[in-house]
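Chain nomenclature is as follows: A, B and C, assigned in order of appearance, with residue numbering initiated at 1 for each chain independently.
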Amino acid sequence: MNSSHTITHRQLFFVIVQSQIGVGVLSLPYTLFAKAKTDGWISLLLAGLFIQVSILAIWKLCELYPKQTIFDFMPKIVGTKLGVVLNALFVVHLFSVCVVILILYNSIVSKWIFFQTPRLVVILILALTCVYCITCTAREIARFLMLVSPLLLVLFFFVAYAYSDVHLLYAFPVGAAGIKTILSGSTDALISLLGFDTALVFIAYTQGKSNSKLKAISYASLCVTLFYCFVTFTTYIFFNPVEIEIVPEPVLYMLKAFSFKILERTDLIFLSIWIVFVTTSLISYFFFTAKGVQKLLKLNHHKSAAPYVGIICALIASIPGSKLDVQLWSKLIGMSALCCSALFPIFLLLIAIIRKRKEKGAVST
Amino acid sequence: MTFFKKPKKLLEQKNTVNEDNIKGSGPSSQSNIDTNSPSEQDDTINQNQSIDDLLKSIEKSFSSSEDLMTHWIEMPADKSKVALIFLDSIIDKQKLQDLILNPLFELDKGIDLHTFEQVINIDFRKQTDFSKIQELLLQSYTLIFTKDTNCFFSVFTPVKTERDIAEPDNEAVIRGSHEGFIESMSTNIALIRKRLKSPKLVVKYLKVGKETHTNIAMLYMSDIANPEVLHEIEGRITSIEADAVMTPGNIEESIEDKTFSLFPQTLSTERPDRVAANLMEGRVALLYDSSPTVNLAPVNFFVFYQTPDDYNKRWMLGSFYRMIRLFSFYIAIGLPAFYIAIVSFHYEVIPSALILLMKSSLENIPYPPLFEALVMELTIELIREAAIRLPTRIGSTIAIVGGLVIGDAVVKAGLISNLMIIVVATTAIAAYTVPSNEMSLAVRLLRFPFMVAAATFGFLGIVFGLILMFFHLCRLYSFGTPYFAPLAPFKIGDLKDTIIRLPFFKMNSRPSDINPIKKDEDNHTRKWEKS
Amino acid sequence: MRRVKLISLFSSLLLLTGCWDQTQLNETKLVRAAGFDYLKNGKIRNTASIPQSVNMDAGTGQVNNQIFYAVGNTTRQSRIKLDQKVSEKVDASKNLIVILGEKAARKDIYHILDVFYRDPKSALNARIAVAKGSASDVLSGRFEETETSIGIGTYLNESIRSAEDASIVPVENIQTICPVMFDPGQDFGIPYLVPEKNAVSVNGVAVFHGYRMVGTIHGAQGVLYTLLTGKQKNRSMSITKKISNKHKDKILNYVSIRVKKNKRTFNVNVSPDDKISAHIKLTMNVVITEYPRDNLTSKKKIKKIEQALSKSLTKDANNVLKKLQGMNSDAFGVGRKLIAFHNPTWKKLDWNKEYPNIDYTASIKVKVIGHGIIE
């Protein structure tokens, strides 16, 4: 691995933050409400705790195999042949994540601003932009993701403006949904928190102490969880519990009513900034996917895989047309992504540890 | 004053050889000339020729150009005839008279050219490398041939064609030095040396162009500039292989990292103080023969937004105006696009109080906003281009005709809305606030793709345009240093002299993006406060 | 080469795209005020004010106030019919105000407003008001101010805004009433407009229960209503109150105050036998703006005025509450408090039946903190 491609652990923090915050932020309150009612924000906090486990597993894996991406160490853990198969499956999973990001992005954009623009065009402009962005090294990607991070503050202030008209009482009574429903809601929350799994490839490029890497990822996921929690809670006290059930993008809807003296319809501005976050998370996933494809096809550089990744994803993403199709796709892929991104690293780690133990045992005897 | 390396070794060798035949005249001494391998040169300027033949072959090699003059004079010492040859058009005859001929005839009669070289004049050299004859002649040397065909003498007698040192028009400042570079490289170096009286300022001469022999001087502070960067720049310059390298632009394009980028990757300036300040930050300056432009490298994006004026203002004002300039970057690339996006996609964002006003101004305009904007922007570019080519007096007429008459009439005629005129005018002004001309051009060109993007995808188009632009800036390098530093990679300490300008005594470290060897700047200017 | 390909791909993409979603500002007709009435046959009449600038010079052109009508079975249908009548595309995204006829308001208003909530381009920040009689009367009337101002929409919007500033009506728009409308434990009020001869006066508050308007609160009581909502904390609201009957010269019996600060404490208690009592306590810091009798020097005098004001305002406040209970409109959200803090009780209740019978009181404490520049 070339030393000029490395990133610092501070950049790693922003990479993870930017990968995690993506399409989910707009509709998260709605999906959470569907299960856990006004206690959705508690489910979210719980989900944040759960993913710490996955993060620990990912970090440990990367510590066992330093300077290697998941595609490099997968064959080492499960054996060469099975490794290739699993790598291929993992690449398919990554493809599906990219596709679902594109699908959700398109569904929101076509619902809010582009009513007539063909699906494929809306999807292609995002996909091609991302393709341009991943034809470089991890370092430049990390620089860019860090550069656009201040926009998060803008989003924060937009959402915070809602506090000029909230009904704090809507959040009460706390915990009315019961622990079971809150727990079941947290699976949905987990899906929207996905993105930390890009660490599987970005840690390999990070220099510095192993501990500081773990800190970077954990803090990133903590920040994202808190930010999501803030957004969710705000929408819950802005909308009536009855109303939120019919508003799929509560954050945008909330901003739609706000107007400032110099600008009205803040939702359009918010949407434009949100696009940046969709782009950044798609950039990380595209990069991840391209790295996987590079490994699978034994290419010299992931650059050559980039355009194909982008165009294939865009074409697949433009298939589902109706709202119900979109829901079905995103649900299926969401669940599979949950297994691959959150649970798979844990299993992988267990196998790796057992292997290492055996090897050690073999050496000592 | 000459800036060509003296071929010392050769000279010393020859000196010992020539010791015994100082007066050894005669064309017969052909034995000790084989060191110079005469067969190398095809145009037959060899030293194994009689002086007449030699002169003829020189004349031939210049295609009998009529400004090549030959003069025969008689030496007072031994009455031997010597030939003076020079290019009439580029030498100063008065200087030749003063420097050589007068002293030669006034002095003791026993003196000859060899001793003359040793004692009298620094511009008077003995040369033995006959292959350099052409080159010397072209560099305003007068050559003196004696009957001794082993060597000849050269006198540097350039005609003074320099203009006076004046303030550069496109980089004027309110307070501060009003000196600017001129077309003479040595003067330019002198201007820099005047400001940096340090032995650590190193000048390195390089040469490019097989036919043009353009001289390039590379200046840097030996204790600050990063040797890797130096090596990189030098390597890139020496690798240039071209017949003619006419302008600094040629060299810029040959050595910059990405030619397919709109953003300039070297900073060209005509201000010695700017060059000196940047040298102290660890950058490298490239000076060119007969060009007042000096290129600085490596640079980052924000260097283009600094001007020496900032440092002569109070620091808060300096910061304020720098922020205005950076803000103007966004206006210049984004305002027309934003306007187009608003009136043709998202007029919901216009505040209620303004909407009717805007609507009434747009009501009867027959063209779509993109077309409107393109027409007006191109008109402004036309006016600009015309004004540059014309002398100043007519130029102002153009400005009046273009600005007032077209602007007013076009609105009156109902072709363009008056809001569009406001937008276009603001954009034009914003683009011209960039202190660097290259960056200003880049910014002016950038707004066109943004306008098209805004007209097809509204805000979304602008956002994607900005993402692409900023990503491009993030992956751009200037001689191996990140171009968009200190924002990407983010270095909070380096913001002190980029987005804002902190007081002088706060600037205690050099910008880290160019990796200077010496990072501390040692600006402890307010020590008196502590006592 | 790859870069060149990529760039050409991008640029060709830009050329290929038509302008699918473009809606040029100068090719639309902007509705600035919309009114909705139910006709006798149950159809909806949509009245739209579309101001057209007459001369476009220098921006301050005169505005020709055009009113269009269309009738349809639903709001959207009437909008489509409106579009057919108008030359260019009708666009309601810069709507300033929605006016509902009283008859329409007394039916389910959500049926009318659904279009506004559903359309991504609609103006959710438009104000909403109920008009006495029909909305079309208010919109099509020729009032003195509309002749000089820019259209009826702006006129109505501004007059409601000034009423909001004076706290005669609560600050609401289409979006802010929505969560409350859905809330089983809270109701809302919006401005009530009365067309007069030369002007439209913002007369009071139209009080809603659920999706329906149930009554009005007029004049000075409207101020108390907004005070009791406790929302407008730092507005300046003026009240003139009679505090004695002693003086023959009637004007001397009155004092005018401006509320500087208004603090609300709202308590809802459930007794063990499920009796619900609610109490609103207001603490107001006021400035005396008119008191011709003067002599505000002594502490005692001021105390006296404070007491008199407190008493009189408390009485008014209780009247407002009684009235609201009578109309079965829980405008201050007693039910919401119950849901939040006494959820088990709430679940047992039929709030619609229970609310008019709860023990609902208010008390107002006035504190004079200033009296202009004379004593």
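We adopt the following convention: contacts are C-beta pairs under 8 Å (C-beta built on N, C-alpha and C of every residue); 3 or more make two chains touch, one makes a residue touch a chain.
Computed from a prediction, not measured in an experiment: that's the story for all the values here.
Asker: When you draw the chains as points and link the ones that touch, which shape shows up: line, ring, star, complete, or other?
Answerer: complete
Asker: Tell me, please, which chain's centre (mean of its C-alpha atoms) is farthest from the centre of subunit C?
Answerer: Computed centres place B farthest from subunit C.
Asker: Name the chain with the Cα centroid closest to the overall protein Cα centroid.
Answerer: Measuring from the global C-alpha mean, the nearest chain centre belongs to A.
Asker: Suppose each chain is reduced to the average of its Cα coordinates; what separation in Å results between subunit A and subunit B?
Answerer: Each chain reduced to its C-alpha mean, subunit A and subunit B end up 48 Å apart.
Asker: Between subunit A and subunit C, what distance separates the C-alpha centroids? Give it in angstrom.
Answerer: Comparing mean C-alpha positions, subunit C is 42 Å from subunit A.
Asker: Any idea how many Å lie between the Cα centroids of subunit B and subunit C?
Answerer: Subunit B and subunit C have C-alpha centres separated by 67 Å.
Asker: In subunit A, what residues contact two or more other chains?
Answerer: In subunit A, the residues touching two or more other chains are 113-114, 117, 125, 132, 259, 264-265.
Asker: Quick check on subunit B: which residues sit in contact with 2+ other chains?
Answerer: Touching at least two other chains: 345, 348, 350, 352, 457-458.
Asker: Using the touch definition from the top, which residues of subunit C touch two or more other chains?
Answerer: 17, 21, 93, 123
Asker: How about subunit A: which of its residues touch subunit B in the complex?
Answerer: 8, 11, 109, 113-114, 117, 125-126, 129, 132-133, 136, 140, 143-144, 146-148, 259-265, 268-269, 271-273, 275-276, 279
Asker: Give the list of subunit B residues in touch with subunit A in this complex.
Answerer: 345-346, 348-352, 457-464, 467-468, 470-471, 474-475, 482, 484, 487-490
Asker: For the complex, which residues does subunit C have touching subunit B?
Answerer: 3, 14, 17, 19, 21-26, 28, 30, 32, 51, 53, 56, 59, 61, 63, 93-94, 96, 121, 123, 150-151, 154, 157
Asker: Using the touch definition up top, name the residues of subunit A that touch subunit C in the complex.
Answerer: Residues 111-118, 121, 124-125, 128, 131-132, 165, 167, 169-170, 172-173, 176, 238-240, 242-243, 256-259, 264-265, 307.
Asker: Would you mind writing out the residues of subunit C in touch with subunit A in their complex?
Answerer: Residue list for subunit C touching subunit A: 6, 9-10, 13, 17, 20-21, 93, 120, 123-125, 173-176, 178-184, 186, 333, 336-337, 339-341, 343.
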